[in-house]
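Presented sequentially are two complexes of subunit A, the first with subunit B as partner and the second with subunit C.
Our next item is the complex of A and B:
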């Protein structure tokens, strides 16, 4: 019988080490394997989180390491929660979050429903549809600033063609009323394919025999859609909403490239404002408190949502 | 025996020389913004390399990221830059946070006198606290925000007649801010050579410093002051004075009436593009770009001319420009100081101006024929006589970002009134100075 590679390693292990390893319990061996990962997790996730919580109660500034750090209690939290400008940033974030998810779910599901039908060129269309999400958000942001350009932008020309107006008569990213929608349109363009793929997975997981049984029971297509398709795809849809919700709550790159948070502060999402406070104004203590507030908000909402998702799955 | 001793002596002296050369020849890195004058400095520095034996490397960062990138570098104690041509507003932070080497002893030892440089540039680029004889930089690049216009259009008889008919006045370089707006309105959406043209390109950028640098051009011309008494941080009544409100309303109107469509986030590059593409009749930008504009084959030469920021209540321009500092974290400070010593020489300063850099040395500025040496040289001297700068406090970034937000909210996003914008700005700045322990 030939020795395997593991046998050879075992034979080469010095007797003293081998005895030690043999003496370890299963639990100890498990810790040996998991230990490095836990150490890394503590070092790069948990410690910074605890440190951030500590800093949020101080007036520390990372650009003034020599300045005395003062304990300011809840002052940073109080300032943030009573600052009307921050609430405007939150409103902008909520607007962006709600409408991007709404359109992405609606269009993504519709596209998945169509792609799920067997037709010629199905695979080609799927590939074309998913192309936008393969691009870098920074590239997409830059690319759309040209499309939105009032004098030469294709978007303005297309809209103008349909509404019969002068293309330079409206500014998608320069107008207070249109800019919030401009970022919604781009994010929807980019990430609808992601929602579509998740919905497609859901649709393809529905066994055909359920529809066949419904056909035998003479259920209409409309009835089949509402009583079979939607309930069975719902957990997938909810998962897509969760992913997109978390992603868009911390949206930064795409919007910075598109509008830089402007005009004024109309599209300044919470994450953009946080970056300015932390790395441009260097208010480290203040921005730590801001980050904690955002973290608690996302974590809290996501936890509630995951519970609801589990309930839907159990049904 | 003698032969062996000679050989030994030769070997030792060769080794000693090689050692000495190795100790002297350094690789220096100079950090600055990526723009036209930086290319001129590369050219100029070749002479330093030849004379000193040091090698010069350059780290040029595009303007929108320059402050972020360099201030992060300084704050982290980075060793990337041995020499830094940092913005004038960084001098307070550079000095107080220990980023820059204090140069007084070096200047004294090398006989470099600050009296040899234009007083406005020494005050703005070198001193901290402001106006004190504590020097943290050598004035390297004088600059101010100025204007340029399509001279060929201004000289066109048909256009001049149309302007006369519309306004009852001669079309000329604007003598006041109000006249500038009148001319801009005249050109707005006017057909010239079969194309639609616009009035002006001005700074409206939100992300870094654009709209502040643009709007202060109007604010200073109306007599804007940051404090009632210098050094008091007493801002109420100064920052939000009736004149300041009027100036801000003027800038908003100028933005609304006379800029090309989609001009909501424009700074240096966009202003240059708008002018070079023939979109606008007038544009604002830093003097640093004027040599390049004059040399432009399409819109330069006899098609362009320049003017200083027009006065309204007072003659004043927004200060640009930078001083050159030695970074305190550099391991090659001696070689870096050597560069500054070389750069401060009058003949090097003369060559600097020749290559397209804006020398602040009196021997250049007051030299014979300086005003005639370039079509914008005279304007540069006038502008530098009346420059005003933004806060240069260590907390300058916070002060600047607050102003960026309040101005962009009012001017571009049309939120609230000029009075409200300036009142809120005082609140923001007060909070910053309270945090700094200055109020």
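Our next item is the complex of A and C:
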């Protein structure tokens, strides 16, 4: 659509009226409105990003600002991509990312679907379900270490009660096999409501008349679900997944408080590893390169994803 | 089939859906209830086995949260009888209160930075979202994606240059610095969510207003903004949650003056490890304002999120 209705109307009305209709030039308003946002992002995101790119080619160390900075070319990148430990961190990140999104989409959509049945008091219960994601991940992560304690922790006590084991027989955080699941459980508990809310918005955006038309065509409920509900909610669901995906790829606060990356480095997600390199070992140049690699990865994956999202929306 | 809508769920469906949702809600509440309960436990009750559901409530956790204490000799304690109820609580452990803790300041910092950045994000976000929704902007999709892409940067990755930059500008460890930083992070969410909400407001409303003699700006202010209120409120809540809870930047870029509560609460320690009742008390108080805010705006939050539905 090249001309909006308002342009067409303006063209057909006398000049005096047309001026009034159009008011201040749209282009001027557009830049006035978008400008401040772009400026802020350039100053606080893009400028530091460019700085990070520069640092990634040097051996700069932030704890020794007076030392002469050497240009090392691509050496930092080379070292990262050939480091097998980094691939272990990537594996931990992928495990975390996949399972949290899997559970959150599954439970979040199911909850939204049920809430959309409009039973009495559904808005009250929705509000209650939303509460976990209000709490600071760092504070929650810290408190979950208390819930996960083998002897005194409530989580272990309840799980042990249901499976009939001894509550001190397993350690969620201390064990190599369970720790990756410990962080998935807490993240799912926290962020399922986010997916749920966005799905709910999608479900409620479907007008009744579409179902009414399907009913007239004698489409079964099952068929209506797959041909109306799912496709109509899909763009919303995909947006929710996009945000959760990006957030969890950068995951730092919750997991650093929960496990600190341990035991060993089994739950050391990319961001935690990065923090260690940048702020504990102070390898600023090296960690800048690491940051750029992570950023390019997310950026690449997300741009492919957004293209797919736009396709789904256009359908 | 009911007369008014084929899509109205039956009573049985509603009952099943309600039961399942309530069951989930109750399970999901357990950790939160446990935080609140632990805040009112004595240290001994907090770490008892099996975990205590029934216990004698005490304000020990809250007293420990707000005070710093030292152990004193018996002679000193005998010579200085406790003056207040909170002194008395501390005396059980042969301790005296020597001053306030830093929790109050950290909490206030969280309020200033959280609300400041939320206001700024929404102000900038609404303007940008409106422009993106209604005007032909060159490279619109690229700009929108650029805005989103700023959210993909791991906070740690930009923390070092931001720290160096802030030190030059005198913004490091200041409220203004943190507000600007959180706004920059929030703006992508604000623009994207708000654009979605504004997209769903029929253009016809504004066009009618423009024909009635409104200028573009008046139409935005008097027609679109009121229509978008629910969306704005919902977005504001999400922005507030983010700034209120942010940890990575706070822990890396603030050390004293502007440090918020999240990096502070996990550092509350007592004798032999974390003082769980005090940590839980701190978490409870920290969660409370957001909870009240959310519950008070419950209708708006839901309607905001469900804005896609035009009809009632």
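In this text, the second predicted complex is superposed on the first by the 273 of 315 C-alpha atoms of A that agree within 3 Å, B and C clash if a C-alpha of one lies under 4 Å from a C-alpha of the other, contacts with A are read in each partner's own complex, and residues count from 1 in each chain.
Simple rule for what comes next: contacts are C-beta pairs under 8 Å (C-beta built on N, C-alpha and C of every residue); 3 or more make two chains touch, one makes a residue touch a chain.
No experiment lies behind these values; they were computed from the predicted model shown.
**Student:** With the two structures laid over each other on chain A, which partner does A:127 touch: subunit B (first), subunit C (second), both, or neither?
**Tutor:** second
**Student:** Just to be sure I read the superposition right, which of the two partners does A:237 touch: subunit B = first, subunit C = second, or both, or neither?
**Tutor:** After superposing on A, A:237 lies clear of both subunit B and subunit C.
**Student:** Return first, second, both or neither, reflecting whether A:298 touches subunit B, subunit C, both chains, or no partner chain.
**Tutor:** Second partner only, subunit C.
**Student:** Just checking: does A:283 make contact with subunit B only, subunit C only, both, or neither of them? Give me first, second, both or neither.
**Tutor:** In the superposition, A:283 touches subunit B alone.
**Student:** First (subunit B), second (subunit C), both or neither: which does A:40 touch?
**Tutor:** Touch partner of A:40: subunit C, not subunit B.
**Student:** Just checking: does A:117 make contact with subunit B only, subunit C only, both, or neither of them? Give me first, second, both or neither.
**Tutor:** The second partner, subunit C, only.
**Student:** Could you say whether A:151 touches subunit B, subunit C, both of them, or neither, answering first, second, both or neither?
**Tutor:** Both partners, subunit B and subunit C.
**Student:** Between subunit C and subunit B, which one touches more residues of subunit A when both complexes sit on the common chain A?
**Tutor:** Counting residues of subunit A touched by each partner, the higher count goes to C.
**Student:** Examine A:262 and indicate which partner it touches, taking first as subunit B and second as subunit C; both and neither are also allowed.
**Tutor:** first
**Student:** Look at A:62 in the shared chain and tell me whether it touches subunit B only, subunit C only, both, or neither; answer first, second, both or neither.
**Tutor:** A:62 contacts both subunit B and subunit C.
**Student:** Between subunit B and subunit C, which residues of subunit A are contacted by each of them?
**Tutor:** 62, 151, 279
**Student:** Which of the residues in subunit A come into contact with subunit C in the complex?
**Tutor:** The touching residues are 4-6, 9, 20-24, 26-27, 29-34, 36-38, 40-41, 43-49, 51-52, 55, 62, 107, 111, 114-115, 117-140, 142-144, 146-147, 151-154, 157-158, 167, 189, 197-198, 200-202, 204-205, 207-208, 211-212, 215, 243, 246, 249-250, 252-253, 257, 270-271, 274-275, 278-279, 284, 287-288, 291-292, 294-295, 298-299, 302-303, 306.
**Student:** With touch defined as at the start, can you tell me which subunit A residues reach subunit B in the complex?
**Tutor:** For subunit A paired with subunit B, touching residues are 59, 62-64, 66, 85, 149-151, 168, 171, 173-174, 176, 259-266, 276, 279-283.
**Student:** For subunit C, which residues count as touching subunit A in their complex?
**Tutor:** 5-9, 13-15, 17-18, 20-22, 24-25, 28-32, 34-35, 38, 46-51, 124-125, 127-128, 130-132, 135-137, 143, 145-165, 180-181, 183-184, 187-189, 191, 200, 203-204, 206-207, 210-211, 213-218, 220, 241, 244-248, 251-252, 261-263, 265-266, 274, 276, 279-280, 282-283, 286-287, 290-291, 294-295, 298-299, 301-302, 305-311
**Student:** Please give the residue numbers of subunit B that touch subunit A in the complex, ascending.
**Tutor:** By the definition above, subunit B touches subunit A via 68, 71-72, 75, 93, 97-98, 206-207, 260-265, 394, 397-398, 401, 405, 408-410, 412-415, 435.
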